[in-house]
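Each of the next two complexes has chain A plus one other chain: chain B in the first, chain C in the second.
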Partner chain A sequence: MANNKVLQPKKRTLFLYMFPSVVLFLVFTAIPIIMAIYYSLFNWSGGKKKIFLGLGNYSRLLGDSIFGKALLNNFILAACCVVFQVGIAFIIASLICSKGLKLKSFHQFAIFMPVVLAPVVVGFLWKIIYNQDYGLLNFLLHSVGLESWIRPWIDDVDIVMKCITVPIVWQWIGLYVVIFVSAMKNIPEEIFESAALDGAGGIKKAFFITWPMTMDTVKISVILAVSGCMKIFEHIYIITSGGPGTASMVGAMYAYKTSFIKQRFGYGSTISVGIMAVSLTLVLICNVIFGKGKKKYE
Partner chain B sequence: MNKTYGVTQISKKILMLLVNVLIALLSLFCLFPVVWMIYSSLKDEPSFLRNLIGLPTSFHFSNYLSAIKTGKMDVAFVNSVLVSVTAVAALVFIAFVAGVVFARYQFRGKTILYTMFLSGMLIPVHSLLIPIFVELKLFTLNNNRFILALVYAAFGLPKAIFLVTSFAATIPREIEEAVIIDGGNTHDIFFKVFLPISKPILSTVIILSFLDAWNEFPFSLVLMGKPELKTLPIALTYFTGQHSVQYTPMMAGLTIATLPVVIVYFLFHKKIMEGMVAGSVKG
Partner chain C sequence: MRKRIAVLLAGVMVCSMLTACGSTEEPKEEPEAKQEETKEEKPESKEEKEPEAETDAKSDGDFTEEVTLDVAMMWPLDSTTDAKSYALNHAIERLEKDYPNIKINYDGSVHDDYQTIMMTYAAADTLPDVFNVKGAWIPNLVENEQIGTVDEFFENDKDWSGKFDDEVLFDMEYDGHYYGAPFQNLCCSLVVYNKEIYKSVGYEKFPETWEDMMDCFAKLKDAGYVPLGVGNSGQWVANSCIFGAMGDRGAGTKWYDDIMEGTGDGFLDKDMLKGVEKMAELADKEYLNTNLNSIDQFEVMPPYLNEEYASYVDGSWTFATLIATAGDDQSVIEKSGVAVLPAIDGGKGDYPATPGGSAWGQAYNAKLTGAKKQAAELFIKYTTDEEWCKDLAEKGDFGGMNIDYDYSAISPLVQEYAQLKSSVKKTPQYDCHFDTSVIDAMNTNFQELLIGEITPEEWGGRVQEEYELTLD
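Entry: the complex of A and B
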């Protein structure tokens, strides 16, 4: 590295190049986080009057049953996404990698397509699908003679969360399928060949070769799915806006309603900081459970 | 050649057929809602309500006119284009220079700075909704398309910097040395050497950040209070505001918002998949 000195530009040049990204990050990420923590200590409705409460908002948050309900729904979503999204995606990916499947690239194209759609559009589409009178789902049930299954899907307190899970899994399952397919393609072909010589069938290969060889990818996918589910907002906003009542309330939706509908910016910030803390803790827990987490630069 | 198949071979064939059918059904399930949306937008309301999945018998482009009227979709479309293009342009330039610096040069605090950017990926952006709203309102910078674009660029930074940095780290050092020997300066290295070489990764950044900006909802909802500044995802919420919902104009509105995304996906799906996998797996 004798040439390093020649190649190393002046400090001023480096500063100039780094300046825009650092400013952008500070103004729209770092400073807002500090501001959110600051506001979370006040009773404040956006005007001039700010009343300092210290940790008062936080003790209220701990006893807030709607916040508890919202977090519980986030956890349910996260669990469903890990089981159905990541789990099913793994199975689909192994099927896509199997030799007998025709039209492989078409299937990947089709399954991945919902990933690029706007969550708002997905929300509206599924809202129409679930509509009681003019919904696609009830229409299909009617036309195959399953009238007894017809129900007001998203207006039913008991099943609304299950209904919300479907579009979310539907939208992002393709991402995990493609992630797993690219991980499985990296497994050297010779391993499968020698396993086949030893008489291992497809299912055995999946269990004893594919699964352990893609374990790192599985871990990352789980973390991705969990942290993704803590951010869910648009689907809920469009399909139910948290209702009926608070049956499908999630953290981001509750924070939005508290701050921008009820104009309580102080407590709204407390909710946001609470979600952020829970979300980061979950990611941390996942990392600890999985041992060495993500690969880092250098 | 007249050999009969063994039992295992027949059962294998049946299994493969089953797998093919299963995956085909799944593909259909993923594609159908979008295809249904597009062709339903061309039906008239009564025939849509009579048969929800029937194909249109004649084309009713009037749905698009009423979508434009109800949702002000034309204005929203222009706003979405302006905001997305500005966001992408700003992001790709800023992420390019920062990513190359991270990949090629040493300076104090580099690791801390890089970790800081990467940790940006972990922050749920909704937590920033209130403070950014307050911050911008203080300087009356809300209701400003350019500022909204900068917000989007900021949220895209972590992933974009990561992608550029990992790509630029693979460029051989000899290239820089040759430029220096020829008397070029750092700007030459960046814009005459690294920029053309980095085209593949920059196009990935452009496509992915366009999709993100085009589809973004909560910040546009909160920051753009004026009706004439709303972007497409917000305009769509106008359709359900009224007492009765007209389905086919709504399908037309959804199609207007979705068609650009679908076209981009058709053209660049390989790149989109690669970029998203790289951005999420290694991120």
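Entry: the complex of A and C
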């Protein structure tokens, strides 16, 4: 205890070290949020003229069906990302940590590669893949004789959100694989060895040892996936711009369109604040759910 | 001890990083700030202290001090297919040759991204010195004192301004003043069609009534062609190039006046909805390309040139790009014709007519004064004058002034358009005058209408909701 006190830096030193981060946080996070909340109280089309509305924009937001639809799309996307991104990443990470898999470095590289691509690049890439006339997907379907499946994928309101989910899931799986692999490598080997002696197979080890012992990492991954999906924008902007109509509209896209296309910066800020409130609530719910889970395993 | 050393080293690193940042930024910032001051203050002080010298500079065709104009427009300077890029390069060359002390700091973009960029500038009150302005933006920019009137420029040089027709000036007028100089004269709703394909199904020319067009499209579809291509991923083509004509065919120009004045039935108007019903009919009968919401106005050109599409709908800006896209093989262009959408039974609008005008103009920042404002005036003139129009004509595009030019040398298609242009009536372009939020509601819901997801009445109801919000 005494040692800890000696090693602990002085308050002044701590303050100096924290100062740059705090300034950056204030300038790039806290102040913009405060500004957005401020602008959300006005009818503002950009420029000098603003009309104070109080909570008028918020009451409009509550009855806005497009905002509701956009949030629903965000929720669907978040659910898909939690199940497929985190789920698939967990399975792949388990395989990478197992002894049976060959060419581990190659697999890790191939899976991680999309993570380093800019979302805009991924958007363009998949827009071309989905293209009705010269897209790879329809070409492959044609090649294997499934002509009846060929369709304008991102023009169909019933499947457009599913089509957009695929590249988003694909791009970020690698990130969660890396997180899970590092967590799994921290599990003592002896536990697996004793489990093996007791006759546990690969699936049992994954369910009863790896899963509970990486629960904290799972929690972080789920929160990252959910918060990432709530702010998703670039892929959708490039692939569909929220269309056809509002079929693939998400919260950030709606805020962008309201601000920069409709020139309603005040209401656009209200939408942003609304998304922030919903996202924080979701993260809070995740914390509560996983908090309970943690107690169970402790 | 080790930890202490680590903490100490980390501290040194943080300090060195901060010092390094500071040391590189400081000397940079000072001259930049000084430059800004020079840019902003010199013209003003010149105007205040030396008005005579400034007049001399102008009459000599020279500026005594260097003036840098920040210009942002929707054309990249390095485009090989855009006629406006070609004309703009020439205009800047001419201007910098005539006035060596005027320097242009150009920021080029493309049409669909330009709006976002400009709205960001407008929101932050940092619009560039000279920019392209869309008719629909003018009221908001005027209200916020961000755009200057060009009335005085027009007054200063009547030889130049007198060559603009009322039809192109109409889109630039607000509250009795002009806020932009027209750099183009558009017909926004045109059908470019392959005459040979149409002839093969028994139509020598583009049908003039809706019934005939439906019959023709049915035959084209049976023959394996996409009857009418649309590239609506940017969301505005359906509105500008189809509804602009069909709305007027149904309701006539009075409906436009009613919307602008906030009177009438708005977007529930039965006559206007007749035009929307016709658009829905095109979708129901599957006469449009099924991927219309995922390809843009440029992506319809290759299938048209490959003779997969029998025709496509676009505006008069299409010709220069179509010719450039065709490259060496101009065979399809040579057998192409151009027409306007047909008349509809019981409609109140005129035929032949097309929405048209300038839609966009060259505008300047209201904050400009002195030499910078004079330079802006010159830039605006050079990018709208007869030379500009000739440069555009060379590439098959049309400037804001009517000039004598032999378009047949470019392509028979452009020549045919030049004749059509002078014979059709121009009607207002809705998306250059309606409120931007109403335009967006129209555009968004047209995407769904054209794939049969909503009915014309649902379209009208949704747009009406947005329209009523603007009336409040």
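We take it that the second predicted complex is superposed on the first by the 266 of 298 C-alpha atoms of A that agree within 3 Å, B and C clash if a C-alpha of one lies under 4 Å from a C-alpha of the other, contacts with A are read in each partner's own complex, and residues count from 1 in each chain.
Just so we're on the same page, contacts are C-beta pairs under 8 Å (C-beta built on N, C-alpha and C of every residue); 3 or more make two chains touch, one makes a residue touch a chain.
All values reported here derive from a predicted model rather than from experimental measurement.
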Partner chain(s) touched by A:Thr240 [first = chain B, second = chain C, both, neither]: second
First (chain B), second (chain C), both or neither touched by A:Trp172: neither
Which of chain B and chain C A:Ile154 touches, first, second, both or neither: second
Dominant toucher of chain A (residue count), chain B or chain C: B
Partner chain(s) touched by A:His107 [first = chain B, second = chain C, both, neither]: first
Touched partner set for A:Lys48, first chain B, second chain C, both or neither: second
First, second, both or neither for A:Lys257, with chain B first and chain C second: second
Contacts of A:Thr13 with chain B and chain C, given as first, second, both or neither: both
Partner chain(s) touched by A:Phe25 [first = chain B, second = chain C, both, neither]: first
Overlap of chain C and chain B interfaces on chain A (superposed complexes): 7, 9, 13, 17, 20, 46, 259-260, 265
Of chain A, residues touching chain C in the complex: 7, 9, 13, 16-17, 20, 45-49, 127, 130-133, 151-152, 154-155, 157, 240-247, 257, 259-265
Partner chain B, residues of chain A touching it in the complex: 3-4, 6-11, 13-14, 17-18, 20-22, 24-25, 27-33, 35-36, 39, 46, 92, 95-96, 98, 100-103, 106-121, 124-126, 128-129, 134, 136, 139-140, 170, 173-175, 178-179, 182-183, 217, 220, 224, 227, 230-231, 233-234, 237-238, 252, 255-256, 259-260, 265, 268-269, 272-273, 275-276, 279-280, 283, 294-298
Complex contacts: residues of chain C adjacent to chain A: 3-4, 7, 10-11, 14, 18, 115-116, 119-120, 122-123, 125, 137, 140-141, 143-146, 233, 235, 290-295, 303, 436-437, 440, 444-445, 447-448, 451, 453-454
Parts of chain B lying in touch with chain A, wherever the complex brings them together: 16, 19-20, 22-24, 26-31, 33-34, 36-37, 49, 52-53, 93-95, 97-98, 100-102, 104-107, 111, 113-118, 120, 122-135, 150-151, 153-155, 157, 161, 165-166, 173, 176-177, 180, 186-187, 190, 211, 214-215, 217-218, 222, 232-233, 236-237, 239, 247, 250, 254, 257-258, 261-262, 264-265, 269, 272-273, 276-277, 280-283
